[in-house]
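Same chain, two partners: chain A is paired with chain B first, then with chain C.
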Partner chain A sequence: MIKVLLRLPSARIALGVLLVIAVITVFGPVLAPYDPLQGSDLTLAPPSAGHWLGTDYTGRDVLSRILAGAPLSIVSTCQVAGIALVLGTIPGILSVYLGSVFEWVSLRLVDTLVALPFLVFAVAMTALLGNGITQAMIAVGLLVAPLFYRVARAATLTVARSQYVEAALLAGASTGWIVRRHVWGKVLPPIAITLATTLGVGLVVISSLTFLGIGVQPPTPTWGGILASDLDYLPQKAYAPVFPAVIILVTVLAFNMLADAIRDAAGQSGRVLVGARTAKANRARRVTA
Partner chain B sequence: MSEPRPILEIEGLDVAFGRGPARKEALSGATLSLLPGEAVGVIGESGAGKSTLARAVLGLAPVTAGSVRVVGRDVARLSRRERREFGRSGVAQYVFQDPLRSLDPDQTVQAAVAEPLEIRGELNRAEIAAAVRAQFAAVELDESLLDRFPAQLSGGQRQRVAVARALVTAPRLLLLDEPVSALDSANRVRILQLLERLRATTDITLLFISHDLGSIAGVTDRTIVLHDGRIVEDGPTARVITAPEHPYTRLLVGSAPTLTSGAADRAVRARLRAELAAAQRSLAEAAT
Partner chain C sequence: MRFLSDRRPSAAVVAAVVAVIAMVVAGCGGSASGGSASDSTIRWGVKQIQANWDPIVTGSTGATVYLTPIYESLFTVDGQRKVVPALASGYEYNAAGDQITIRLKPGLTFQDGSPVDAEAVKFTIERIKTQENSALKGSYSNVRSATVVDPLTVRLDLGQQDYQIPYLLAVRGGMLPSKAAAQADPAKLNSAAPVGAGPFKVVSYDPESKIVLEKWDGYWDAASIKVNRIEINFGIDPSTLVAGLRSGVYNWAQIDPQQADEARKAGFDVLASVDRHWSTQFLSLNTNKAPFTDPAVAEAIRYAVNPDEYATKLGFGLAVPARQLFPEGHPAYVPALDAEHPYDPAKAREILAKAGYTDGAVSFDLSGMAVLSGQVAEVLQQQLKAVGITANITLLDQANWGKGYFGKQQAASVYGYVGRDSHVQALTEHFDAGGVLNLSSPTTSPQFQEALEAVRATPIDAPDYEAKLQAAAQAGYENGSTVALYSVPSVVAKDRSISDPPAIDGYQSWKGVQFTPGPQ
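After this line comes the complex of A and B, so read on.
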């Protein structure tokens, strides 16, 4: 599937953008030209040769804050998505196979998680486990997990009742075999799409939590935090939120493009797509020859 | 000389779906025995219990009473582990009605045919590939199709792939659930000829389910007629078709369309229906 994926221009663009984001995540703090926490008298300055993206309300360099905020923003987002993915997908698939007791218990647990108020739960978790970003991300991940559970369960249910799974069961296949051979390939595309959406949502969630001082305490830079603080100074510098917003937007867009590409490249649709592209390329070659 | 041991023995089989007021008897008191090499047809209208009978043989239907023995093993009372072992033995195999739905769309047909052998895990990769190629040849499929996906094959080719998958474990009992009803007449004949050849070269036992008398007549030497979950007639196919005894079988045979005469006269069918209703009434009276 990876070969098919790389034949899609959208996948190549998305992976290129995500590679740049990954580099910023790893080397961002080193690349930052100024100390992201050190203020100056030059407040709300416009972009200049000294400060490419200008300065914020306490005179801190915006570019440095965006670069230094990358690790926390991206790593936390990945934590949320990773926790939700593992806690949601695995029980979601297994709920179809592990019998009615597991199915009933996991469904009720998921219903309970859906019913919990998001912010109250996050505050309670940080009060219980300490006010840290990881604790907050565990709380958020736990609350997003039902999304993965439902998507994985719905996709698995469709496959589990199919005749080819029945044929494999009649041949003596184990549950693990069925999941590996028949279920996983069909559950992966909707999961990938949910994952990309969650990664996007994760970035926005961090900004909400920063805004409320949960998990991340100012002046620690995060992309969402920069956006939230810039919004307070719109009369003085109307375009200030554009910079953090663009980087969040581009990252979320890249995740979504990758999810779409995975959906297109997976299974039968991927084969049809590649077949059509190969035929088109062959036609073009014939015309030029 | 002693009588050969039956491959399949069904005794007083009851199958019911649902509970309480929603409970529906799908099969009641079915008794049947299939000897090695026999080809038995099961005929009846939709909802008569034909597929339930086949599923019960594979241990997939909720058996409430009676027993189903395949090569001496009671498949209705197997544990999960025993059922897996029984499946891996490949003794009984099933061919579904719709080949497109019974083959994984994301799996090449080679992988689909190889799967039962891979699950069994006795052969290495090269041996499995050789077995798959041999099976492809046996069902008259070209080797160039091995890497195709089900959607890239015709309906007839797909059903032959499904038959190849069922035969790759060399089963002793093959259950075919309406295997030709989704096919055009040319492909129908090819599948029926394939089954004929299979019977001529092996001692495989066939349970052929169909609502089409023509297909049943072409493959089987004995026919069972199911009506409302009960076996109402069991006899040689030629006799069941030419001289049916039960009123329902007479209605079934009388309703079958033929090329020359079309369906039987409306008056004849009305008489047969009246005859069947009378038989059912007397049966109900006898029961009370």
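After this line comes the complex of A and C, so read on.
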């Protein structure tokens, strides 16, 4: 599947962007040309050779703050996706196998969680558990989990109730073998698609929360926080919100493009894609031969 | 995707859409700017949201600017900060100075038709002292009881000699709501239907969004009110206020200092000076909590803060650095205090070293209200870092911050205040045992208590009043636990067709304000 994925230009672009973001996340604080917390007398300066993206209201370098803000934004995004993945997928698959009581209870629980608006719930959770980004991320992860639950359950259902699995069972195949041979390949792609989408959603949520000042305390740099403070100084620097907005936008776009590409490359559509490309190549070879 | 690419809209359709949009935009602009001068309506935009409309619940804060059109007080203040009569015609003290008798003007009513009489004053004072959510309890602690002498005369018995009561009964702490309305339903008075005896009465109110006020002819000085209507729009995004002025949606807006230049360039009058409405931002330290139990730490902090930096970075040319709680020109301003703790980081380090603290050994949580104090806290954190003190910023929402601050639980906090009509009240709130702004409460200093007693015992028109007031201000600040940072005016941008309101400290008076049909 990964080979197929890499054949798609949109996947290559998405992965390229995400690689850059990953590098910023890991090395951002080191790459930052200035101390992101240290102010100077040069406040609200426009972009210049010394400060590529200008300075903020206490004279801190904006580029340094964006770079230093990357780890918190991206790691929290991964945290949301990770929590949702674990909390959603496992019960989702198990709901098919663990009998009707577990199925009924877990379905009702998931329905309840779906009904809650996650940004509001995250705000309430931070009020309850203390103003920390991890608390907010657990709350959001919990509320995004139903997405994984439903996707995993739907994918597992199609496999578990299919005739070829029943045939394999009758032929004496073990559950482990069935999972490896039949279930894995069918369940994984939709989950990978959901994961990529969730990463995008997660970044939007984390940026929204930090925009509202929830979960972080100044002077901690975050992408959402930089955007929020820039909006206070529009008369001085009308273009300032563009920088944090663009990096949030591009990252979310890359996650969504990746999700799109995985969908195209996986399962039936992937086979069609590969088939079409192979056929085209074969045709070309035949013509030249 | 196919839908879009297959059917491109024709040029005619595009033109039609553009034409419609242009017409709508032109229509909006026309209706908004039309009739701005002729109907004498103040269309006021502000980012704050005012939820409490009972002056007893609001307390003597900056928010009284939205209440003073509706409510009138017994006394008011003039441009020289002198007490002048309003609903009352005058007052007199007994010889001991612990009893004040107030005479009311005859024949006045509230906007609901009920009489402005001694009973109404007594009822309000009792409500201040007993109502659970009263924010004026502390300010009136020295007022023991109110007695009706006759329908137009009321006597207040005081706990101790106190010549500040006329100030207390003036604008911010002395607005008089209708007794009938408050008696019928105090919650409704506060949240839905405020009724006072002020120049404007409420026409409609959308909670947290808009209040519409109309000139009330029963006001005792109605002849000097030229504005017919005031519409206050709350909760407006500050970045849209100047645009709102430009488009004519507002003709009066309370803006942030960073927008003053933009408003001025767009051709609006900008009122911004510390002789009108000001707030002083300060750092409150709790000397009952570590590390401030050691006076050396507080002393070092006084040298470590650089008021000039706040004024330039956060004040955009409008703010002034503050080394005391009153701006220059205020009767309680003490010139000597300005020179006492100059910005001297080396000296701050020296004091800390002498007290046995190594670099980074002093650290504390610096609280603040998220909507108010974030930027001040960030600058302060850096100034303290420069002398080796670590301040961890903890910004909270208003309710949670208030619990910790007014409950005296925080070690340190950034906050601001807008002064008080009673100068002594301003001092007691910062430095007295029960002061709401004294984070170290109940700690107070004997020096301040002594000076406080002296100023309270001095009639406000006595020649040595200001000297005694300043002595109390100095004793309070020197021995208190408040560190001033900077004073900033509250900025109003207004249409040029509206004449300047009278410049009165802390009071938005609408008297004499009128629309002049000038060149548009």
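The rule is simple: the second predicted complex is superposed on the first by the 249 of 289 C-alpha atoms of A that agree within 3 Å, B and C clash if a C-alpha of one lies under 4 Å from a C-alpha of the other, contacts with A are read in each partner's own complex, and residues count from 1 in each chain.
By our rule, a residue touches a chain if its C-beta (ideal position, glycine included) is under 8 Å from a C-beta of that chain, and two chains touch if they have at least 3 such contacts.
Since the model is a prediction, treat every value here as computed from it, not as a measurement.
After superposition on chain A, the partners chain B and chain C are seen to fit next to each other with no clash. Once the two complexes are overlaid on the shared chain, A:233 sits against chain C while remaining clear of chain B. Looking at the shared chain after the overlay, A:30 reaches neither chain B nor chain C.
When the two complexes are overlaid on their common chain A, residue A:115 makes contact with neither chain B nor chain C.
By the touch criterion stated above, A:128 is placed in contact with neither chain B nor chain C.
Seen from the CA centre of chain A, the centres of chain B and chain C span an angle of about 140°, rounded to a multiple of 10. Shared-chain residue A:59: touches chain C; no touch with chain B. Look at A:218: by the touch rule set out above, it reaches chain C but stays clear of chain B.
The gap separating chain B from chain C at its narrowest, counted between C-alpha atoms of the superposed chains, is 28 angstrom.
Annotation: chain A has no residue touching chain B in one complex and chain C in the other.
Interface residues of chain B facing chain A in the complex, by the touch rule stated above, are 58, 60, 83-90, 93-94, 96, 98, 101-107, 112, 115-116, 119-120, 149, 151, 165, 169.
Those residues of chain A that touch chain C in the complex are listed here as 37-39, 43, 57-59, 127, 131, 213, 217-219, 231-236. Residues 238-239, 242, 256, 258-259, 261-262, 313-314, 370, 374-375, 377-379, 381-382, 392-397 of chain C are the ones touching chain A in the complex.
Considering their complex, residues 162-164, 166-174, 177, 181-182, 185-186, 267-268, 271 of chain A touch chain B.
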